[in-house]
Each structure stands twice: as structure tokens, then as C-alpha cells.
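Here you go, one structure.
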Amino acid sequence: QDAVTLQLKWVTQAQFAGYYVALDQGFYGEENLDVTILPGGPDIAPTQVIAGGGADVVVDWMPSALAAREAGVPLVNIAQPFQASGMQLTCWADSGIAAPADFANHTLGVWFSGNEYPFLSWMSQLGLQTDGKDADGVEVLKQGFNVDPLIQRQADCISTMTYNEYWQVIDAGVTPEELVNFKYEDQGVATLEDGLYVLEESLADPAFVDRMARFVRASMRGWQWAEENPEEAAQIVLDNDETGAQTIEHQTRMMGEVAKLIGDSTGALDPAAYERTVATLMAGGSAPVINAVPEGAWTTAVTDVALAAQ
Amino acid sequence: MRRSVLPVLWVVLAILVVWYVAAIPMNVREVLTQAERGGAQVWGGTAAERQERSALALVARNPGVAMAGWSQERPRLPVPHQVAVELWQSTVGEEVFGRRGFVQTGEFSNRSLITHAGITLGATVVGFLIGTAAGVLLAIGIVHNRAMDMSVMPWAVISQTVPIVALAPMIVVVLNSVGVQGLLPKAVISAYLSFFPVVVGMVKGLRAPDRMQLDQMHTWNAGTGDTLRKLRLPASVPYLFASLKVAIAAALVGTIVGELPVQRGGLGARMLAGSYYGQTVQIWAALLMAAVLAAGLVGLVGWLERRTLRAMGGAA
Amino acid sequence: MANAASLSRTAGPVIEAQGVNLVFQTADGPVQALRDVSLSVAKGEFVSFIGPSGCGKTTLLRCVAALETPSSGRLTVNGMDPDAARKARAYGYVFQAAGLYPWRTIAGNIRLPLEIMGFPRAEQDARVDRVLRLVDLAGFGRKYPWQLSGGMQQRASIARALAFDADILLMDEPFGALDEIVRDRLNEELLGLWARTGKTTLFVTHSIPEAVYLSTKIVVMSPRPGRITDIIDSPLPRERPLDIRESPEFLAVAHRVREGLRAGHIEV
Amino acid sequence: MTLVLLAVAVWVGGWALNGWLTRGGRERLRAVRVAVPLIFGATILLCWELLVRGLDVPPAILPPPSRIGATFAGNLPVLWGDFVQTILKGAFSGLAIGVAAALAVAVLVDRFDALRRGLLPVGSFMAALPIIGVAPIMVMWFGFGWQSKAAVVVLMVFFPMLVNAVAGLADTTQMQRDLMRTYGAGYWATLGKLRVPAALPFVFNGLKIAATLAMIGAIVAEFFGSPTQGIGFRISTANGALQLDMVWAAILVGALAGSAVYGIITLVERGATFWHPSQRT
Amino acid sequence: MANAASLSRTAGPVIEAQGVNLVFQTADGPVQALRDVSLSVAKGEFVSFIGPSGCGKTTLLRCVAALETPSSGRLTVNGMDPDAARKARAYGYVFQAAGLYPWRTIAGNIRLPLEIMGFPRAEQDARVDRVLRLVDLAGFGRKYPWQLSGGMQQRASIARALAFDADILLMDEPFGALDEIVRDRLNEELLGLWARTGKTTLFVTHSIPEAVYLSTKIVVMSPRPGRITDIIDSPLPRERPLDIRESPEFLAVAHRVREGLRAGHIEV
């Protein structure tokens, strides 16, 4: 069996159900692969892990992957299971924000560590400064990874994922009517999320490409299975969660939402979506994520092989 | 010993009372918002307007409603009995009745604090041992080599001003990249935090023998090794144990910090997970568990100290 | 007694100092701790050193023990240089405080130098037993130092210095920390021990009666710079009951010592 | 490979030089005392540089010190802002509050024996608690600004300081206390003229520990939420963007601040407890 | 001298003890530190307490200073109970170690009791000056204690006890830590000081010559339980040159003290 180590971008949750399902249901085994899944966390940069040789393939968001590419870690997207972005800004309706134009003079919570770039790009498109509250500026907070800032009203808006944080706000007793959501997808600033990335030099090895093809194929089978069996998938995620902190209700719901973002994806990257992402990132105001249009940041070599054999 | 039991009980009681009382104003805003959602009339205007009012005023003007601050599901400040219930459920409750509990599966559940305390304990002990060994060796070097004394000591101090905890994720990743995984990266961080008190204490201890005792050794024509084994090391034992008590607490902090970035179990991971999902009660339960662990470890070192000193003919 | 007396005449001087000087380099400049010290000690003698604080008594003893090296002058111990004598384990050193290790029993403390010197285990036991009996502490071997009175501790410390059978006993105010009554008692015992073993003994003290009572020779020293101002050969018989201290000969020697001291003494 | 060998040579050379400097009376020179640790530090930096280059360590894992230095020098305004946010606002205010509270409680505890017997065991229990765990809670309570960082710092420094201060206030001999009694001195006179001066060495000891903890606490708390400024913010965001040189530059700011504070406390200590045997040599 | 002598007869006893008992409750059971102690000290007397370690000398002094309370018996100081006397600042206490505060200068140390007692600043300065001269330390006021020799520190500590002009001076082995020569010197000075000030003095010592040389009255004590075995009124004149110590009267008193001590003394 060929060994593959996968580094996730975040903690074990249904966001990565496809991989856990493929492992649990033996899809990887059927492809003659021995897969190890490493969960991530807030301060684990998958790009760093793969640069240091700690993983063969990582799940990452495209902004961070392209930034790493510019920083000298040549990552290449080999597959893109997530077709749509689940990122959004969730605001209190009673804070007087009804449209993006109302952001001015409010406090917005944003995730950093690579996720701030689409946001900055958006703000610069809106003509808003990000260095303090005033008539044409917003105050930005580096938000932790929970929804407290909104609940405690320390921020008027916070970043949420459609599949996770948004529901935590709802779970905290807030009714959907009290909230207003701005999806990045709807605002035209969406960037590609959870894709699979490898180091460019590895791709020179045909054996590696073959291994990745089998990996992608099995992973997509996993995703398909997970979409069809959301409850079982959530249970598999729970069984793999080493912190033992997840609940089945939340993960089942997350699975349902994640399925919407994957849709009917085959795993192949849509070049148009890639171009859109690059455009968004290049427009990123004073400090763009990437300064030059990246070359060779994606390949269909792996998905071509994976899909051909299906 | 017995004379302090009663005062301690009083202090604990006082803490509990303050805790319960404080929970009401701490939780009042959320309590009021929820009451409002349930259709109740509350004083203080809208939720946004209430943000501007003082919590005490809100409590005073909504006396009946505010008491719900003791029974919220996601409180800002959980009250002691909520934490106690969570502690019970995530230990005994989970192991006995849980689907993956000990009773069902013969293994400890990964949802149980017992498992996580065990993971943390393992890394803490390994890190502590590494840190102690490194500290003792470094101290021996410092005492016997003036170049080392003069050059290493200032840097040992500076090393402790490096925010190692901020480095923790990087250390974990870098060690990961050279194939070191699991317990060891955490142990390295706890070793880093625990070696310093040991160095400081041991340098003091190894230098505790006075001029007369060293001269005595000299008159017997004892070598460096003999002097170390028969004089310096035994003389440093009380200093060593005093440092070990600080070091083991530091090691625990190191482990927990090392567990924060890597969600692979342990009390640190548990605290962070609690934070991700807004489970304040879970954070507090993990914190309390960590405190129990800390007290246990320090107590264990204290017990070892008493035994050792008694074996060494101590008068105490 | 006869034993000691006969031994004391067998050979040339055990310790021989000629024009010894010692200067310490300190932050405030050089301190002359010993100036032109000349002294000869025969085998079996009991020599006391007395003098005000800082006059160099300890320094002189430390030179003999090779714990300090004279800046100039000649000093020999058993005809060799002091460091060679140290390596040949020529002396036992007893300090002011008993300096027993609290983590070792009395027997363990006495055994310590024997372990370091690599005596075989059985031999160690035999020697520990012997010296414990010698200082009248048989049966106390298993006790820890803090379980004994100050006087008993000091005897154990003497036993430790005797255990490896050094030729010379160096004692630096061994009874300084004890009260007068205990001290009287130990003085008597030390005298007996010296008679039994015939060891050449150098003894530092601040007490005039103690010096006069114990010694065959009294060396009076004076500070700044530390030097010898008087050497008195005791006319007292070797057999000395405690109340010899009220005899006129005793008082005469004591008077001479006191005068010597007062002459050399400057500011308190 | 040659660079690696060079690193080994530098290491050996550095030690040889220090060995020579600290022998034969040279160690008493003031210049040597300063030079020796500096040489040691320089040796480490040089070895680091050579090893990173020689072994081709990717800069995303460990940048060479020269690059860290360049980044530090090139981003002074940004780093200054981080320093102000984290150290001046977060750490110092927390340190001041925590230390003041601990000293006040220490006097109370010293005054009422029952309080001491009750509070100290609880205090040492709390002191062993990994306070880091409360950082997310403090951010939730006190918001994103420096206030929550200060709160974490207060909690971290309070007990170590309290324990030291109480030990210090009790560090008087029976004789010294008796002496005060024979003067008919009351509680406050004894406190002001005997206990407080006697406690100073302990208080400074506690201060040194507290200052180090304060830096760590303020930085770590920023990992759980912060404005877009601060050492902890910089470290975590730069790390996510693989700007490891920036990460290390921010760490350097923390270490410099920590060492400076430590040094200042040591100087003040030397002045205030000049009489203590440990300061006299 | 004449001054002291005349003062010493003016009034009733300054200190009066009748059947004083003191029992310490310890972990190993009760320890009788004082048993049936009766004693009367007149104004201006110099009373020495001598006895083996643990016989209760310190305890007795502490009772007088109201630092301990007798379990039974009657004890008065200046006709009041000791605690009232303490509050009236009836005495200065000098301990074995000088016990100067290292963070205060010598002058600062001497000023300490004056500050506490609320003397005005000018008065404080005047008194500090006066007692510094009294103990021959003028010019050393700005020094810190550790910059002075042991003897000088001890004199400073005496100065401190004198500064607030207490009636009674309590001294617990004030010279125990000093060497014999320095001690002789300080004994002489203390005698002079006593003559000049006429203070009633209680003085604990281990040294027979010291006790005999200084005192108008010597109290011999014996341990387990601590009690008074002999009270000797000194026949020596008040004018005492140092070499009075070689006079027959002196030796006779010393002998009586020594016998008293030896009788009460048990095991070393």
C-alpha cells in the first residue's frame, strides 16, 4: 500500500467528512492507499506543514495557497471538491446594517491567517478604510474562532461559515430574523475554499501523480457517500474527533450545508472560478495577497487521470 | 496542618458565594435578551441599548428575570454547580453511560476528561523529566565551568522572556516536519518551560556547600566527581525539590499550550474546542480538571520531597 | 602519655616554615596575611596558635594544609611540599563548626573520607568502629548529626579527621562554638586523645586558658600584617588535671600570653 | 556541507575564546564579563545562520537570523505599534494592577493569620493552575482590546506575587520582632520599619517572575482575539501567511521587551536592596 | 563610679521575682523552663546570669522584658507588671547577635526606636549623636552595619538600647559571638558605661571571667528544670582594672561560680 498523509486546514469536523468517510469506508484501501489524516487548528498552517515535509497533500483555501506560492512554497492545486464559498459576514439586523454600504462606522470581526484577503479586497471595492471606525471606515477585529464577539455585541458583524459558525449563533438562541447575512459568493468576492494542494516538484514524479489520482478518486467517492448518508458521515466524523467535543446534531447539520457547497463537483477545478479568485485577490487594496498573476498554480493532471478511470 | 482546614473551607466558601453572586450581573444581558425573545417585557430598552447600561442596573431593575443567570445553557460565567455537573458528566457519566465509555467498550472514551487528563499528564511528565534532566546537567556544567557560567546564565534568563507559547505552533510544525509527532512536541515545550527553575535552583543548590566543606573535600584529596557526588548533589536536594514544584506546574502549562494548536486531544485541546463551540461550561470543566492535575502533581513532588528528605536523615 | 612523649623525639621537624609570606590580592588592594613566619614543629607536639581576629591563624593552617600557597618563603610538611603531603593524606583537618553532613549518619560521616580514599569496605567499618570508640561515641554511629549535642558533634568531627590515620591533626577553633563547660570537658578529652595517639597537632584558638591548658608550645600572633610575636614553650607537666588552671605556673603562662596579645592588638 | 562544517568550527571557536577569556584572572575584568555572554550569543546566531543556509532549510520553516534582522529593521513602525499595543497597554497595565493587588492582599494576609492559613493553600493551588486556559474567557468578558490582555496578566501575576510578598513579610527573625516589641512598636510601625524592608528582596524576586509572565500572558491572549495590532496578532497572522521572518521579528520584540524589563527590575533591585547579602558581593 | 554607687541605693528593688515558674507547651510535652525563681535586683545593680545551655537564662530575661509571660509566680518591674513596664519603655534589650537592620545606617538603626517612640527629629539627632559618642562610634553613623566589625556592630546595638534612656538594660550574651580579646575590651568599656550611666543591668553570659569581672551580683543557674542554684554578691571593688582578674578575690569568686556550674551540669 502507498502511504499518503493528508493535512487538514481545521479541526476534525464535517467540513472534511469526505476524507474521513473514504478512510472509514475503506475507499482508500480499495485504491491501495494507506492514508493518515492530520487534523489542523487555528495556528497550524497547512502550507508550512507541507513545506516542512510533514504531509504529502493538504486541504487549504486558495488565498492562502497562492500567498504561500509567492512566499516560496510552490503549491499546486490538484483538485477542488468545494465549488462554492461558504464564507459570509453575519450582522445584527438591529445594528442598522442592511446592505454593504452600511458597514461604515461599524465594527467587523474577521478571521486572519490568510482569510482576511478576500475581506480586504471587498472593503477596498466598497471604498471603505479598515483602520478605524468613521464615516468611510470600519473597525476590524481579529476574531477568535467562535461567535462570542457577536453574541456579546463586541462586534456588529462577524465572519461565519454557512455550515458552522452561523448555526452556532442560531444555537445560542438568536432567531434568523435578528440577523443579516452577506455571502461572499453574492458579493462577487468569493474565493475558492477547501481544495487539495501538493508541492510542485512532487508532480514531476509520475508515481506520485498516480498516487494522488487514486487519492482524489477515493476522496470524491467519500464525499459522494457522505452527501448521500449525512447522518452516518457525521457519526464517522465524531468517531474520528480526538477532542471529543463535537455533537452529532451540529455535525449532521454541517454535513447538510457542506453538501450544498460541493454540489455535483467531480473534484476537477473550474478554471473560471480560479480566474475569479485570482482577480479578487489581486484587487486587494493597499496590501494585495499576491502581487503577480500566478503561473502553474493548478493542474488537471491528477483529476484527468482520476476521472478517466471512473 | 489541621489548623488550616477550617480557614481554607471558609475561603473556598467565600469564593463560591462571590462566584454565585457575580454570575448574575455577568450573565444578565444574555438572560434579558432571551427573556425578551420569549416574549417577556424587560427594562432597559432594546438589546443594543442595554449594551450601554450597567449590568448592576439591569439586575436591579429586572430582579426576577436576572436569576436565570444561574441556569443558562451557554453562560458567560457558569456557576459552580453547572461546572460540577459538567465535570461529573464528562468523567464518570461518560465512562459509565456513554456510548464509547469504559463500561461499554472497555476503553476510556475520547469524550471523557479522564482520557484528556491522561494525555496531558503523559506529555507533562515526559516534558518535566526532560526539562529536569537538562536543567540539572546545565547546572552542573555552570557550576564547574566558568565560561559556561558567564555565557549561559544571562541567556537562560533571556530564553524565558521569549514568548515560547507563541512559538508553540511553529515548534509543533517544525518537529512534525522532521517526523516527531504526538506527545514529544508538547513535551519539548513543557521541557523548555520547566528547565529554567531547575537550573536556577540547582545552581544555587550545587553552590550551597560552603568554603569549609569544599576545603574539607580538598584535604581528603577528593576529585571533582567525588565532590559532586558526595557533597554538592546531596546538598542541593532541598533546592532541587523547591524548584521541581515550580517546574512541574510550568511543565503542565507548557503541555496545555502545546495542545492548543494541535487538536489531538488533551486538556488544552479540550479548552480550545470548548471555546470554538461556545461551550463555556466545558472550558471551565477542563480548567478545573487541569487545576486538579496541577495540585496532584505538585502534591506528588511534595510527597517525594518529604520522603527523600526523611531518607536523608532530615530533622523535619 | 609516655607513648606520646617517646614518639615526639624520634625524628626531625614535621612542619618547618621559614620566612613564609602570604599576600592576598583583593579588590581594595593587596592584604598581607602572613609576614615572615618561621616556625618548626617536632613530631608529637601540640602547638596552639592564638591571636586577635584577622592575624592569620587560619591562613597559616591553610598553608600547611595546602589550601593556600605562600607567596614566598619555604614551607615543608614531613619534608615534602604541602601539596605533596596533602596528596599523601598527611593530615586531618577539623574546622570550627563540626561541619558534619546532615544527610549522613555519624558513621557515614566518618566513613566519607575513607570512601573517597578508596579504602575497602571492611576496612572502612573497622576504622569507623575504632575511632568512634576513641572519641567515646560507640553506639552513636547510626544517629544523625542533629540528634547529637554540639559537643558530641565536635567529637565526631575529630573522629572523622582521625579515621584515615593522618600524621598531623589541624584544628581551627574546633570548640569555638561551644559553651565553656562543654569546652572544658572536650579539652580534657582532647588532651587524653593526644596522649593516646601521639599525633602532631596544630590548634587554633581564641581562648587563653584553652591554649595554655592544651599546648606544649603556644604561638602568639598579631595582625596587620599577620606575624608571630611570641613562641612560648610550656613549662607545664604533660599530666594536666583541669584544676591545673588555677596553679601559679598556669597563671604565669596565661599572663605572658595575655600580655603578648594585648601588645599586638590594635583597634576593636 | 562546508557551511555546516563552518558552523561547527564557529561553535568550537566561540567556546575556546570564552574559555580563554574566563581563565587566568581575566574573568574579573568588566569588559570580559560583558563580552563573554555576547560572544556566546553571537556564536549561536552565526551557527544558526550557517546551518540554515548549509542545510537548505526552507524559509517557511526557519529563516536565517540575517533575514529576521532585515525584516525587523524594515518594519520598525509596525513593530513599534505592536509593542505599544501588547507590552505598554496590555502587559504593563495588567502587571501594575496585578502587583498592586497582590501587595495589598499580602499585607492583609500578613495581618490576619486565619486569612493566611486559608488563602495561601488556595493561592498556591491557583498559582499552579494553567491560567493560559482563561485567556479565551477573558477575551469573551473584556473584549478584544488591551483590557482583556491586562485581565489575563492580572490573573497570571497575582498569585506568584502574593506568595512571594507574604513569604517576604514573614521573613523576619524572632529577634527582630522581639526588638520591635521591646520598643512598644505597634502593628504599623513594625510593618513599615521591619517587615516591608525585610520583604523587599522577595518582592523583587516575585516581580521578576511576574514581569516574564506578564509578557507571555499578554501575547498569548492575543491569539484568542485582538485588534489588528499586537505582538501575538503579528505572530499568528504572519505565521498563517508563512512570513516566518516577521514571526521571528515579533518574537524578538517580545524578548527584547522582556529582557529590558527584567534588566530594569534588576537594576532597581540592586538600588533598593543594596544591603542584602546577595547584592553585596 | 561614685555616681552609679549612690544611685544604686535610692529606692526599692527595680526587679522583683517571687516563685516564678514558666512551662512551655511543646509537641513533646511540657518543658519547665523556669522553676520557682526568686530574685530581687536593686536600682543600679549589675547582675550576671550564668549557667549551662538551656537553663533558662534567656527565658528569664524575656519574662522581665514581657516577651514571655510566667505561668505562675509574681514578677514586677519598677513596681508594675512587665508588660506595663514594656509599654512605658522601661528597658533596652541587647541580643547576642547585634541584630542591626542591614537596610539602615548605624545612625538609622539607633534612631529606629526613637522614631517609633515619636521623639521629635532634632531630639533624635541629638540622642543619636550622644550615644554614638558614648560607645565610641562617633563618625561611623553613616556606615552600614555590614561595613563594621563585629565588635563595632555590638557597640552600635548597645547604643541603640541606650538611646531612649530606659532605666534597665537587658543584655543576652551580647559578646558571645566575639573573640576573647575584643571581648575584654568591650567588657572594660561596658563597665565604664555602666559607671557613667548607672543603669540597672541584667547580663547573660557563658563566660565565668566575664560574669565575675562585670557584676555586682552573679546568679548561677542550672537546667532541667531551670532554676537558680546560687546567688553571689561580688566582694570586688567597683573600680576594676582588667588585671583584677588575676587577683585572689577574683579567682575565689570564679572558683565558686565554676563549682556551682559543675554541680548543676549533667552530660556534655
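Going by the order they are written in, the chains are A, B, C, D and E; count residues from 1 in each one.
Just so it is clear, a contact is a pair of C-beta atoms (placed from the backbone, for glycine too) under 8 Å apart; a residue touches a chain by one contact, two chains touch by 3 or more.
Predicted, not measured: the structure shown is a model, and the values here were computed from it.
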Open item on the list: So if I look at the partners of chain A and the partners of chain C, which chains show up in both lists?
Closed with: B
Task: Steps in the shortest chain-to-chain touch route ending at chain E and beginning at chain A - done: 2
Open item on the list: Applying the document's contact definition, name the chain pair with more C-beta pairs in contact, B-C or A-B.
Closed with: A-B
Task: Innermost chain, where centres are averages of C-alpha coordinates - done: D
Open item on the list: I'd like the Å distance between the centres of chain C and chain D, where a centre is the mean of that chain's Cα atoms.
Closed with: 51
- [ ] Go ahead and note the Å separation of the Cα centroids belonging to chain B and chain E.
- [x] 54
Task: Whole-Å gap separating chain A and chain D, where each centre is the average of the chain's CA atoms - done: 38
Task: Whole-Å gap separating chain B and chain D, where each centre is the average of the chain's CA atoms - done: 18
Task: Residues of chain B touching at least two other chains - done: 76, 169-170, 173-174, 177, 260, 272, 275
- [ ] Send over the residues of chain A in touch with two or more other chains.
- [x] 42-43, 45, 48, 51-52, 144, 146, 148, 152
Task: Numbers and ranges of chain E residues touching at least 2 other chains - done: none
Open item on the list: By the document's touch rule, what are all the touching chain pairs in this structure?
Closed with: A-B, A-D, B-C, B-D, C-E, D-E
Open item on the list: Help me check something: in the complex, which residues belonging to chain B touch chain C?
Closed with: 212-213, 215-222, 226, 230-231, 234-235, 237, 312-315
Open item on the list: If we count contacts the way the header does, which residues on chain C are in touch with chain E in the complex?
Closed with: 52-53, 149, 151-152, 179-182, 185-186, 206-208, 246, 251, 255, 261-262, 265, 268
Open item on the list: Using the touch definition from the top, list the residues of chain D that touch chain B in their complex.
Closed with: 15, 18-19, 21-23, 27, 33, 36-37, 39-41, 44, 61-62, 114-119, 121-122, 124-134, 136-137, 140-141, 212, 215-216, 219-220, 223-224, 231-232, 235-236, 239, 244, 247, 250-251, 254-255, 257-259, 261-262
Open item on the list: Looking at the complex, which residues from chain D come into contact with chain E?
Closed with: 173, 175-176, 178-185, 189, 193-194, 197, 200, 273, 275-277, 280
Task: Residue ranges of chain C touching chain B (in the complex, touch as defined) - done: 62, 65, 67, 86-87, 89, 91-93, 95-97, 99, 101-105, 112-113, 115-117, 144, 146, 164
